[in-house]
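Okay, so chain A shows up in both of these, paired with chain B first and chain C after.
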Partner chain A sequence: MTTTTTTPTVAVWKFASCDGCQLNLLNAEDELLDVAEAVTIAYFPEATRAMLPGPYDVSIVEGSITTPEEVERIKHVREISGALITIGACATHGGIQALRNYADVEEYTRYVYAHPEYIETLETSTPISEHVKVDFELRGCPVDKYQLVEVISAFAQGRRPRIPTYSVCVECKRAGNICVPVAHGTPCLGPVTQAGCGAICPSFNRGCYACFGPQDSQNCHGMADRLAALGMTSEEMIRAYRTFNATCEPFQAESLRHERARKAGAEEVEA
Partner chain B sequence: MRTMGLAGLDELVAALGRAGYEVYGPRARDGAIVLAPIAGVADLPHGVGDTQDAAFYRLRDRGDAKVFGYSTAVQGLKPVLFPAHELLWKARKTPIGFDVEDADATPPKPRAFLGARDCDLRALAVHDTVLASREFADKAYGQRREGVFVVAVTCSDPCGTCFCVSQGGSPKPQEGYDLALTELLDGDGHRFLVEVGSERGAEILAEVTTTDAPPTDTAAADAVVAEATASMGRTLDTSDLHDVMYAAADSPHWDEVAARCLACTNCTLVCPTCFCTSVEDTTDLTKSMTERHRVWDSCFGSRFSYIHGGVVRESGKSRYRQWITHKLAGYQDQFGLSGCVGCGRCITWCPAAIDITAEAAALRAGLTTGATDALETAGETR
Partner chain C sequence: MSMQPTSERTLSVEVLARVEGEGGLHLSMRNGKVAEAKLNIFEPPRFYEAFLRGRSMMELPDLTARICGICPVAYQFSACMAIEDACGVTVPDSVHALRRLLYCGEWIESQTLHVYMLHAPDFMGYAGAIEMAKDYPTEVARGLSMKKAGNELMTLVGGRSVHPVNTKIGGFYKMPSVADMMALRPALAQGLEDALETVRFCAGLEFPEFERPYLFVSLRPETGYPIDSGRIVTSRGEDLSVREFVERVEEVHVEHSNALHGVLDGEPYVVGPLARYSLNFDRLSPLAQQAARDAGLGETCYNPFKSIIVRAVETVEAFHEALRIIDSWVDGLPASVPVPPREAEGWGATEAPRGLCFHRYKIDDDGLVTDAQIAPPTSQNQPSMEADLRELAQEWMWMSDEDLTLRAEVAIRNYDPCISCSVHFLDLTVDRG
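== the complex of A and B ==
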């Protein structure tokens, strides 16, 4: 690895997450050597024990904020970073662990840990952007490795990342996939979900699970009407809109609308 | 007129292969009929039909041996002749500047399409006008288009979303083909009535075993066309449609459509005439190579109408209005033809079941009920 002083230094940080997103950087095998040429990997504990001291030109942050310690640590990361990029659904929208935002965390800790008194955790899992200024958010659970390399190149080269914000449907049609809700009756969240994954699930005749969060022109209410027409219940709709990006506004609003309906025991959700 | 059996059709595919064509034909894949490369009649969807309605598509067992017994394939010829993604050019950094390299110096192998419908051919004519006949022609489209060989097939089983007859089309291919077939399956056997549309068509057909068609076959083919013409799943009232669309510019109906529209882009990406694209530039990590790509885009995306200062069409309703008004009215002003061939794909593949014929009818009805004084404001574009 070259560590010339002319290439920008990059640090990779982990907060509450599964490591899958930073692993996708290591999975970018064909591009990894070029990445190492283009930037100086200064701090990346998942990949190397060699750690250069900060500050860093670019910080890549994985994971959400779930503990008081993380609240402080992300502020420190922000202070010693030029640009701060968050990667993955945890960092951009709280991740799967944001399901705690709709539950009793104390009850969870009692069930899970033998000594819950040792657990110091927050009531919520929140995106990094709720705590510090974020320069770019890369979506996905996990992020797409090609998009990740694109974002790193863009910041290394001082240009805007080329990350589309249209729906997954665009990727399906470009790939020649057969539309799974129309041709198979399979519920699919692709129409409200941002592209970027290459439409992986529909490519294997599965519905989209919305792990990349909402597309720029989402109509979650209209989508829910169509999911209901395909037989999805309110209960399933709540799960569909909450799984990966439970804190993002349009998904949250739609999941709450169905939750209110379920609590009211109503047959029909409010319009 | 000539007629041939299934063996003759197989000979036709082989003859096209010998003549240097890559032959595309209908195949069943993932529960749908797609146009894809075929090697012979064995690849065709034997006995497969389809049922289509708004946001609904299913294959069905026809219970017979027909190979063209479906209505429209998932896509027309667009993905082959105007592909979703195309490298335009690339440039490599040199010590003194950069060298521009052409995307691909080798000309593409000419394509033959077996099973193209009249709606596919009319859509092709629209693309020929829009992409290849204007001042700045799309060179790559022209190259792919040139030398295309078309074996069109009469549509015997229009589906629930078909309305080509309303749009001046017909189940029977009218022009733009080299050979046209009508599939017949009755007590006299399984055969294809062949009509020759070009010299090239005659040359290829000369390599295929055919016999003189008896007058009864011609009559049977006419009956297929008449029956199909009478069984369109939908209709579109085209009287004064151009003016109706502009007059409906401020209709309250746009809000109603926008509540259902998911802005997912599917209608535009399955439309055989939609031609909007975006140009994307990429650089590699080593900063020694840059590429320019052309990709399918859609007027339903928010970034599509982004210009300096912001997005021109911010709302879903403004995008739907733009799309349908351009299809049914703007095309006439721009290109002298309708942007809709009545293939019904936008209806079938809209996951929200939005129906261009129903929306146009609602907009027309809104004008007469006087819900808004739309004619007064017809000149406003936004």
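== the complex of A and C ==
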């Protein structure tokens, strides 16, 4: 135990993000007060002015690294934390703001701000794991609140969290959904996407858009023929893989592959 | 206690607690006068308007939702309305009704979060709601139960409460059934009772005497309270289309903030609960009007500390409106209309819980975005927040550092600022730097 309190101390940190993942902790209305009993919420500015000094047994980190200040701050968080858990697509894969990694961030700054010189930013948005050792990554944009409570409970009890890594298809079958690509011809990224959301998009008659990132044994390359047969253009496939988890390896590789193919095609036409 | 102002005095809060996102405040006083009052926004830029260029208009609801985890619906619907405006498409009444219902869920979730978990602890003398729950378990449990009802409503209509998936340009992917809606009815009916109790609870808090002559701006629809649509009205008596309003707003980039400050004809203005209420009291249901009167509110409210009562009144309205929509729902209504793209520009605005959120997009013939502008409520309110800080520091300069700092923090929390959202907006045509 790192402090004098009797329950494990938990700190919640925010980097570049929308706040939705830590909000899901407050959205666990039925569990919140029990969680607050089982652990000591030592640092959680969104919820309380009371800020206990570190070190902390468990740190929960939301958001990605996008500024020089954040590069330093995450190192400090690592130093004063027992276990460090990252939550959500920003923290695990750079988030939507990592779309800048495929663009010119200086041009972005000029486009958005009248005084680019006031803005301090990095050229890339990167996951926490590129900067410090991470003990567990919880996927999702946003994370699922039940999975979040499970991860906090597991670390408070010193066990591994029970978080499945299979695809959304498994959840879809379990929910009794009709398969939207098979039945309706709707393009769906469920086969390459990790479960955890409860297959909500197919439950609402739309294709999965991969907000939980790639599942561990996906075959994005193989998916391409199927998506093309359903009418998706390669331009649409690039965009589909460039959303909230655009920098994770399988999605990045697939979007780059389509981009190269398009460029090669364009040159052929020119030639 | 009384204290002579020192010749130099600086108060600062590095990490503002119980707000969404990262901000701090800075007050400096010299010789008994406020020299500087700043809300520092150091939340890093995420460049939404920049990376939206080249994306399909159909992706906008999913992409813009990620601007804010607390009010994603505000971004989704403002984007939908702007694109439907650009493409000249009118959505059916069933889509309007379901949008309003989903938005009621977001209002309930967000307003209740703010009333009980972010704002009430200031008036009750606690660091946060979890600490408050030890002495006031009934009140905190009531807040959590109302918030849960709002989140369940969002889950029913939108699939989930943070970044709902059911919204699309032109309408929805799927309509909920009458049976699904009726299953949620008891929780919403209980929520309405709890919301009325919440107005009474808030009315019993103690408020500092503090009013400022705000320029209020809000939507005003043809009927009903402003939530999901309407023209824009101001407390100067203007009545503008969204486009006319957007063309008159200037966004100014200042050094201490990564959010651009909004001003209307050069003047700071206020959006949010006080503005909506003061410009649309006549549009509240008789039940909400009576609750407001019983709480001692007039038909306008210029005391920002009393925004907690106004939020509670608006939560009554949101539950009441949700029940009305659910009770008139029938199965088999159209879920969406096709929105064929064309080269055009469109404007859209809705009322996020914390105030007006407007979007403007240009799209090409393929429906790809060529230009984007998104103005979140917090950036629009930032100049007024700083003016409040300045005035209250002047008024209560005799207070101890600790008390004055807390009062300054509360003055920021009065606005329920959503700082993550505020940091990404585009300099339209107007840099005046």
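The rule is simple: the second predicted complex is superposed on the first by the 261 of 271 C-alpha atoms of A that agree within 3 Å, B and C clash if a C-alpha of one lies under 4 Å from a C-alpha of the other, contacts with A are read in each partner's own complex, and residues count from 1 in each chain.
Just so we're on the same page, a residue touches a chain if its C-beta (ideal position, glycine included) is under 8 Å from a C-beta of that chain, and two chains touch if they have at least 3 such contacts.
Keep in mind the model is a prediction, meaning the values are calculated, not measured.
Enquirer: Output check: A:Glu46 vs chain B and chain C. Expected answer is one of first, second, both, neither. What do you get?
Expert: second
Enquirer: Would you check which partner chain A:Cys179 touches, where first means chain B only, second means chain C only, and both and neither mean what they say?
Expert: In the superposition, A:Cys179 touches chain B alone.
Enquirer: Between chain B and chain C, whom does A:Pro127 touch in the aligned arrangement: first, second, both, or neither?
Expert: Neither partner.
Enquirer: According to the stated criteria, A:Glu31 is in contact with first (chain B), second (chain C), both, or neither; which is it?
Expert: In the superposition, A:Glu31 touches chain B alone.
Enquirer: Should A:Asn205 be classified as contacting the first partner (chain B), the second (chain C), both, or neither?
Expert: In the superposed model, A:Asn205 contacts both chain B and chain C.
Enquirer: Contacts for A:Ala103 in the overlay, against chain B (first) and chain C (second): which applies, first, second, both or neither?
Expert: So A:Ala103 only meets chain C here.
Enquirer: Quick one: name whichever of chain B and chain C touches more residues of chain A.
Expert: For chain A, the partner with the higher number of touched residues is C.
Enquirer: Scan A:Gly213 for contacts with chain B and chain C and give back first, second, both or neither.
Expert: Once the two structures are laid over each other on A, A:Gly213 reaches no partner at all.
Enquirer: Would you mind listing the overlap between the chain B footprint and the chain C footprint on chain A?
Expert: 205
Enquirer: Under the touch definition given earlier, write down the residues of chain A that touch chain C in their complex.
Expert: So the residues of chain A touching chain C come out as 14-24, 26-27, 29-30, 32-33, 36, 41, 44-51, 66-67, 69-70, 95-97, 99-100, 103, 105, 107-109, 111-115, 118-119, 121, 125, 141-142, 197, 200-201, 203-206, 209, 211, 236, 239, 243-244.
Enquirer: Going by the contact rule at the top, pick out the chain A residues touching chain B in the complex.
Expert: Touching chain B from chain A are residues 31, 34-35, 37-38, 149, 153, 156-157, 159, 162, 164-167, 169-170, 173-179, 181-184, 188, 190-192, 205, 215-219, 221-223, 225-226, 229.
Enquirer: Going by the contact rule at the top, pick out the chain C residues touching chain A in the complex.
Expert: Chain C residues touching chain A: 15-22, 42-51, 53, 55-56, 59, 62-63, 66-70, 72, 109, 113, 117, 121, 127-131, 133, 140, 144-145, 147-148, 151, 159-163, 165-166, 168, 173-174, 251-255, 258, 260, 409, 418, 420-421, 424-427, 431-433.
Enquirer: Within their complex, state which residues of chain B touch chain A.
Expert: Interface residues on chain B, with respect to chain A: 29-32, 34, 55-58, 74-75, 79, 84-85, 258-266, 269-270, 280-287, 295-296, 298, 300-303, 316, 319, 348-349, 351-353.
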